[in-house]
Amino acid sequence: MSEFISPVLSYSLLSPILVVFAGAIVGVLIEAFASKSIRPIAQISVAIGTLVLSLVQVWRIRNSGSTTAAMGSVIIDGPGVLLQASILIIAILAVFLIADTENFAAAAAAIPGSPEERESIARGQQVTEVFPLTLFAVAGMLLFPVASDLITLFVALEVLSLPLYLMAGLSRRRRLLSQESALKYFLLGAFSSAFFLFGAAYLYGYSGSVSFDGIRNAVIGGTGNDVFLLIGIAFLSIGLLFKVGAVPFHAWSPDVYQGAPTPVTAFMAAATKVAAFGAMLRIYYTSFANAEWSWRPLLVGIAIITMVFGSLVAIAQRDVKRMLAYSSIAHAGFLLTGVIALNKAGLDASIYYLFAYGVATVGAFAVVTLVRDSAGEVTDLNRWAGLGKRSPWVATSFATFLLAFAGIPLTSGFIGKFSIFSAAYESGSTAVVIAGVLSSAIAAFFYIRVIVLMFFSDPLEDATSVVIPSALTRITVLFSVAITIFLGVFPSPLLDFISNIAIFIR
Amino acid sequence: MLVNNGLVYLIALPLFGAAVLLLAGRRADRWGHLLATAFSGMSFVLGAVQFYQMLGRSPENRSVSQKLFNWISVGSFNVDAGLLVDQLSICFVLLITGVGTLIHIYSIAYMDHDKDRRRFFAYLNFFIAAMLLLVMGDSYLNLYVGWEGVGLASYLLIGFWNQKPAYATASKKAFIANRVGDMGLSFAIMIAFATMGTVSFSGVKEAAEGTSQGALTAIGIMLLLAATGKSAQFPLQAWLGDAMAGPTPVSALIHAATMVTAGVYLITRSNFIFDAAPTAQLLVVIIGAITLLFGAIIGTAKDDIKKALAASTMSQIGYMVLATGLGPVGYAFAIMHLLTHGFFKAGMFLGAGSVMHGTGDEVNMRKFGGIRHFMPVTFATFGLGYLAILGVPPFAGFYSKDKIIETAFYSGGIKGIIIGSVALFGAALTAFYMSRLMILTFAGTPRYDINHPPHESSFLMLLPMGILAIGSVTSGFLLARGDALVHWLSPLFEAHEGHGEEILPPVVISLMALGVVILGAAFAWFKYGRNPVSDTAPTEVSVFTRIARRDLLQDDFNESVFMRPGQALTRLLVKTDEVVVDGTVRGVASATLESGAALRSTQTGFVRSYAALIVIGAIALIAAIWAVTL
Amino acid sequence: MPESILFWIMAPLAVLAALGMLLVKKAVHSALLLAWVMITLAFFYIAQGALFLGIVQVVVYTGAVMMLFLFILMLVGVDASDSLTETIRGLRPIAITAALGFGGLMVSLIGRASLGREPIGLETANAAGNVQGLAQLLFSTYVWPFEVVSALLITAALGAMVLAHHQREVARPTQRELSEQRFRSGSLATAAGLPGPGVFARHNAVDVPALLPDGSPAPASISETLRTRGDMIDSSQFQLDQINTEVVEEK
Amino acid sequence: MNYLTLIMAIPLFGAGFIATLPQTKSLLAKQLALATTLIAAVATILMTIKFERSNTALQFIESYDWIKAFGIKYAVGVDGIALVLILMTALLAPIVVLAGWNESEGGRWSTKTFYILILILQTMSFGVFAATDVFLFYVFFEAMLVPVYFLIGGYGSGERSAAAVKFLLYSLFGGLLMLASIIALYVISGEQGGHTFNIAALSELEMSSTTQNLLFLGFFIAFAIKAPLFPFHTWLPDAAKSATPGTSVLLLGVLDKVGTFGMIRYCLALFPEATKTFTPLIITLSLISIVYGAFLAIGAKDIKRLIAYTSISHFGFITLGIFAMTTQGHSGATLYMFNHGFSTAALFLVAGWMISRRGSSTIADFGGLQRVTPIMAWTFFIAGLSSLALPGLSSFVSEFLVLVGTFTRYPVAAVIATFGIVLAALYILIPVQRALHGPTTPGNENLADLNLREKVAIAPVIAVIVLLGFYPAPALNIINPAAAHVITQMGFIDPAPTHGGK
Amino acid sequence: MNPTNYLYVSALLFTIGAIGVVMRRNAIVVFMCIELMLNAANLSFVTFARINGNLDGQVVAFFTMVVAACEVVVGLAIIVTIYRSRRSASVDDASLLKR
């Protein structure tokens, strides 16, 4: 028996993740021991403090690169750091939304409509467990794109997923829908993890190793045929594609986006996408890069179907959250072109796109939380009619995000689309670029329809009102707008920053 | 070539007058007509001075030019805004400004009661300017500007009383017909530029030598098309009758004396092209011959005094065009007839206007009769014009028309006989319808409302009529004496060797012409002079008469061949645009929407079907793997 | 050799049990069949040199996880049986085709696969004992995910708390408070407590209201939860004259 | 001095300034907008004076790095073609503001917003003509859709939001096709010595003919939609009908020119071979546009739609001139763009006044206006004459140059196009007859004639129309060298006279 | 004995699990089917561990069990919550969110 090697962990490189874990545990302890009255403020402070601290840590390690930060389970490198930073920024914005009142169930365990629930609402309660749950999810997301073996990847996947399953069911209003979305998310999520795991098994079988590097070596110097490799790639991809919401593994996302509390939707739509694409980029760019002949055509097909499907179905939506969900499906298709590109430009573009898209998404959902009537959020698009007249600033912000999604110049979305499509074209994937351009045209259709509705339609009788945004929500919206426009007009600093440090190390 | 920097004032004065009258608005109502008349008169004086100076120079040095500025210059396409006055132009200048000024004077009285008289004079001045530009431009493109300018003036004047929809339509019709002709002028210019690289008269004349027959023929035919439009020649003649909607002085000036003769000017001016393109020249003759008869036949059937005169104009211009088609020998005669016709036809139109003025704007000759008793001066001046147009010696028409008939006969072979006979027959018809007109109007028993007898017009109207009548009497003699005009113009044309084959002595032809004129007049006398005339047109008439009354079906033809199909095409295209072109756009949009709605149904809400979707996706992936690893 | 015998006996049984899981109506039967499959797998693990896993499989999976399942099944109604008729149109044929296609393709693919190397076996790896080998990996190479898994456990606990734990908003009233409340409520009718459910001698389940002296049912005798849910049985059907008293003699 | 940046900045500053005003100060907003546009116009005129006419190179060049990672620069510069279009934009803007003094009042939003949008649009328009970086051009090209969209949808009439959406989607679709081509160019440039968007550098790329053809189409369709060319025109009548007259002027006068300008600047310069390949097709489309647009104008019942259709016909001429590849055609087409801006402005503004007085845009609702409102009728008539290219008015020079330039290379095309001038007479004179002539339609007896503000607004337009008709040299002198340069660059030589000649 | 046989079994079990998810309506049974799929994956891991001669696969299987246990807790909590709200554990009843 070989000697036991004591594990060495590089705490400084892991500190962003560790800080978040620690914050989550502090949150749990607050739940356990703090009195109800101070819980909300304490939780918010801890959550935001944790995330900011973690962001600071990320900044400090931005130029470090290491494959041995956690005994080979984690690789800290440029792309990882950038993605972690993106996740953290998005998470901070999302936490601002989560911290706003009126979003989460008063008592999640109470039966909807029961006296107990009424009692809790009357007492002004709100579940505060969402904060530690959020932090756990963030921790999982931070780990997901830097994981460098299949075990860590799988564990991180579950760490980020489980809290989200739970959070989806915690809505204050329309709780049946919320719980339904939690159930759907959970069942399908678990289903897809099974595929993921099965794929991981075959990759392990093919390469004899669970580390990405081992798989890469096996791909390069593999003996025998590729059947196991291909099965492995296919099934592992199903798990990842499920997370990013690519067709045909997308079906959960509209339902979950609609049912979940809007701040949670914002969080998972933006941050999950970053994390999942981060992991995809790493694994496809490193482990599978030399087998690109096998997966690229498949991904091209999926990307095209995803873009077109997402754009087409979004047109038919009458609910703003569902529409954003389909839009996010379409964007998953666009982002897949970055994976397909398989070059440095594609990597840079994907990271840029993920950040820009994530921020705009959080902003868009933040606006959704503001449009309410007496029964809570109003997501029926027809009732958004005339919003521009009553709340021009809210409507203008939303329009900005929609224009960014549509890829209109001078918004971040345009630079993102341009860079990602040009990277894909550079790699020779012309078909996917053309499909992307065409579906952008389709997508513009429904973004513009919403703008028309807000600005050019007269308000309906049963007016929805826009709540005065709380300071935190206001920060989220304003920051998102500012970033969206700034990145559209002066993308250079970020682009240069990304291109300087975004290099995968092995 | 001499340069004279004063030429531009000829044009600038009336143009300035028009601008002042239009811009000053109602403020100029009181003195506007006088100013306009003065400007027109000054132009005439300038023209006369010019003419006088020309007379003092040797024939080769008579043309003067002025370069105003470089107008359009792109690559090798280089056109100056330049003026040219030569022996041909000066004839027109004098005619335009002279007759024009007379008509200005006439109109002061004629339009006295119209509250828009100022506007009328502005248009008249504008017309003078445009027409002068037409005849003074030194290139086809400059001519084109004047060409369309007179078209615009004509449009404005025909539609002067455009509150009547029919008049407005008439003006539009005139403009459109002219535009068709203008298209010909455009083509001609384009071909000229493409083949010769220049569009100035001198340049084209120079280059015509080395240019292929085909190109020249094409240019010639296109110029002819332009001429048919402007000069109301077949097949673009239909607008002229309707153009009588304008005030009568307009008909006299524009639609009798000057503008409609612009086609003759154009062909004459382009003699170097037609001389080198016999096919085009033959076509000119044919068009002229057809129009000559066409107008004459229409003239026989018209009861509207102005329309009868218009038909006569068309026919007379047919003579001129025919003459221009006869080559070097014909040009001078065409111009001569043009000038004499300018006098007598303008005079008759003014006379007709005077009659109308005296009878309360009645134009139906069947409502006249015996007017000579009430309007002796008008009768006298009109009668002199009548004799002139009939070609009775020694009145003006005798000198000009007989020459044309003669030249037609002498143009050679069977062609000469045919066109000569046509011209002769035209003369007979002319005699018939003009006599009919005279008889119906001035002779016979009164058919007007006895309670409102006609009255003679004012001096201001009678003065121009008198002057023109003098012209009708003397101009032919003056121009023909010693072949004055022929010699005057000869430096412009290719030298020609006398007449063609003289198949008959000139005297015989003159006698024949006189004979047929007497026959025609006599026939008219028998038909209208001896019997009382009904004050409504008889309805039981032959089909030929009916066709003649309908202007030989010219409008029916245009309507069924161009207008209706055009309207149908328009409707079809509007429909096409809506259903096919925009329909495709909307179809794509709605197909997108519908496919979105259809795909939406895959989202059933059942977790199990979502799971099935994932399984299907997985199967697709492994099926692909299965296929590639075979 | 013994392994093949084990395999060829256990594997078909496992597959059959798995298929049975799909086809049986009652969820609890499915659970038991699943437990069987898991135990089979435990055998397979042990047979393949994964002794530790085999034991953990039995302890954790079959023991803990499956018990949790059964527990929840009890909670939601152990009797509940699934109707197996398909209600979503077109799903069954798709599912069956998918099953055949998926299974067929997988089997065909695995049959076609080659690794280009012979199976090595775990003799070397397990040389120092399977548990020791695992431990070495777990606590050195994979110590990071091992630590991270703790987050998962906390999440699970937290989740269960959020969704299932009712935090009491008001202190539970004491016996004394309750009886004082009863007496002070104005009417003394309920001072002695509400009647208990059940029709004496005939049917005494909690969902059958007691009969009042006049023979009418007393809804107050039923738990409020059942009443609001509507799970109340009409007690009149248990009146003596309504009951079929015919005695059928057993043959 | 950085004129181009300056003139782009002026409206933007004005917009920013207006944005700070309170909602109620709408008069001040109007005055500020007018002042801003006037200042911009003066600056542009100064720039035009400074422009070296004989120099065919780009002038007033500025270039700064914008997005270094992609080699994108903020690079501007003008040649004669771009300059006249910028000048046209600068001159039209104050006129539009003055002419449409009250048109913001029926809108969905405040007056202030209206002028902010107008001024932003002006900046974008300057940018789109001045950009010498393809990416920068694209940014302006797309971004200028947004203010127009809000101008139509927010201040228009009738089915305004549907029209706005149709306009935006159609344009976006074209823009995206162009984006695909731009991406391809970017990638190809990267393969051939470094990513760049500089037009001059891009025009030297080596491409296979298939690539060139495809990329050409990407650009061309975008421009054909913008211009618009048959069969991509159907958005225009709807948009023009719904927009306010001032917006319509900017839409047809300025925005649509981007399409034809783009053809010269991008299609021709970047893809000379593909241009040659597609010339027959494009000439055919141009001819169809000329005739088809004219027929639809003849059949139009709505005055604004009519003007829109006439523009389709005119854009057919412009495209024809561009692809005739002769100096006359090119100069004519460019001059046509300039002139069309003014003649359409005149038509639309006067039509707008007529409509706002009558409350209807159906031609049949007018009649006899010449008696009631002579000045308005006259201005409309003159504008109409300019539209039908009457000699002596500015459009004639350009139209004739296009025809002559086309004839020397493609005689048949020129012949067909010439038929357009007859149709033009019809489509102008028919509405003139219906609206201005005839008896005064009941309800129109008391319409007011133009007031002083309106006269002041329209007078310069008419003046330009007349002056350039008689003396086009000032414009042609700027255009000619640039147009000739394009032709030379493309490797074309004007056909020599076939016979004789001097 | 050839370990590949275990792979066949694993694949079959995985298939059955997947189809079970599609075919069964009871949320708990659906979830059990997912567990079956995870077990199938585990079997593959163990088999591959044997083939490859290292213990990594077994470690993964071990992790899977832990993860699955957590997942079960969360999943069942959600199912119970739904059941309490709707009195039904059928996944088909939870279909308000659609289209």
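Every chain is named by a letter (A, B, C, D and E) in the order it is written, and numbering of its residues begins at 1.
Please note the rule applied: a contact is a pair of C-beta atoms (placed from the backbone, for glycine too) under 8 Å apart; a residue touches a chain by one contact, two chains touch by 3 or more.
Chain by chain, the UniProt names read as follows: A, C, D, E = Unannotated protein.
Remember, it's a predicted structure, so these values are computed and weren't measured experimentally.
**Student:** Moving only from a chain to one it touches, give the least number of moves from chain A (Unannotated protein) to chain D (Unannotated protein).
**Tutor:** 1
**Student:** Excluding chain C (Unannotated protein), which sets of chains remain joined through contacts?
**Tutor:** one piece
**Student:** Can you check which chain pair, A-C or B-E, has more C-beta pairs in contact?
**Tutor:** Of the two interfaces, A-C and B-E, more C-beta pairs touch across A-C.
**Student:** Would you mind checking which chain's mean C-alpha position lies nearest the centre of all protein C-alpha atoms?
**Tutor:** Central chain: D.
**Student:** Per the centroid of Cα atoms for each chain, what is the distance between chain A (Unannotated protein) and chain E (Unannotated protein), given in Å?
**Tutor:** 25
**Student:** Quick one: report the Å distance separating chain D (Unannotated protein) from chain E (Unannotated protein), using the average Cα coordinate of each chain.
**Tutor:** The computed centroid separation for chain D (Unannotated protein) versus chain E (Unannotated protein) comes out at 65 Å.
**Student:** Roughly how many whole angstrom separate the Cα centroids of chain B and chain C (Unannotated protein)?
**Tutor:** Those two chain centres are 103 Å apart.
**Student:** Please report how many Å separate the Cα centroid of chain B from that of chain D (Unannotated protein), as a whole number.
**Tutor:** Each chain reduced to its C-alpha mean, chain B and chain D (Unannotated protein) end up 37 Å apart.
**Student:** By residue number and range, which residues of chain B touch two or more other chains?
**Tutor:** 589, 600, 603-609, 611-612, 615-616, 618, 622, 625, 629
**Student:** Please list all residues of chain E (Unannotated protein) that touch 2 or more other chains.
**Tutor:** Residue numbers touching two or more other chains: 7, 14, 17-19, 21-25, 30-31, 42, 47, 49, 51-54, 56, 59, 63, 67, 70-71, 74, 77-79, 81, 91-92, 94-98.
**Student:** Would you mind listing the residues of chain D (Unannotated protein) that make contact with two or more other chains?
**Tutor:** Those would be 169.
**Student:** Following the definition at the start, I'd like every touching pair of chains, please.
**Tutor:** Every pair of chains meeting the touch criterion: A-B, A-C, A-D, A-E, B-C, B-D, B-E, C-E.
**Student:** Tell me, which parts of chain A (Unannotated protein) touch chain B in their complex?
**Tutor:** Touch residues, chain A (Unannotated protein) against chain B: 183-184, 187-188, 191-192, 195, 225-227, 230-231, 234-235, 237-238, 242, 247-249, 251-252, 254-255, 294, 298, 309, 312-317, 442, 445.
**Student:** Within the complex, which stretch of chain E (Unannotated protein) touches chain A (Unannotated protein)?
**Tutor:** Interface residues on the chain E (Unannotated protein) side: 7, 10, 14, 17-18, 21, 27, 30-31, 34, 37-38, 40-42, 44-45, 47-49, 51-54, 56-57, 59-60, 63-64, 67, 70-71, 74-75, 77-79, 81-82, 84-86, 91, 94-98.
**Student:** Given the complex with chain C (Unannotated protein), which residues does chain E (Unannotated protein) contribute to the contact?
**Tutor:** 1-9, 11-20, 22-26, 28-29, 31-33, 35-36, 39, 42-43, 46-47, 49-56, 58-59, 61-63, 65-74, 76-81, 83, 87, 89, 92
**Student:** Which of the residues in chain D (Unannotated protein) end up touching chain B in this complex?
**Tutor:** Answer in residue numbers: 166, 169-170, 230-231, 233-235, 292, 295-296, 298-300, 326-328, 331-332, 368, 370-371, 378, 385, 390-392, 396-397, 400-401, 403-405, 407-408, 411, 414-415, 418-419, 421-422, 425-426, 429-430, 433, 436-440, 470-473, 476, 480, 483-484, 494-502.
**Student:** Inside the complex, what are the residues of chain A (Unannotated protein) that reach chain D (Unannotated protein)?
**Tutor:** 348, 389, 403, 406, 408-410, 414-415, 417-419, 421-422, 425-426, 433-434, 437-438, 440-441, 444-445, 448-449, 452, 455-457, 491-492, 495-496, 499
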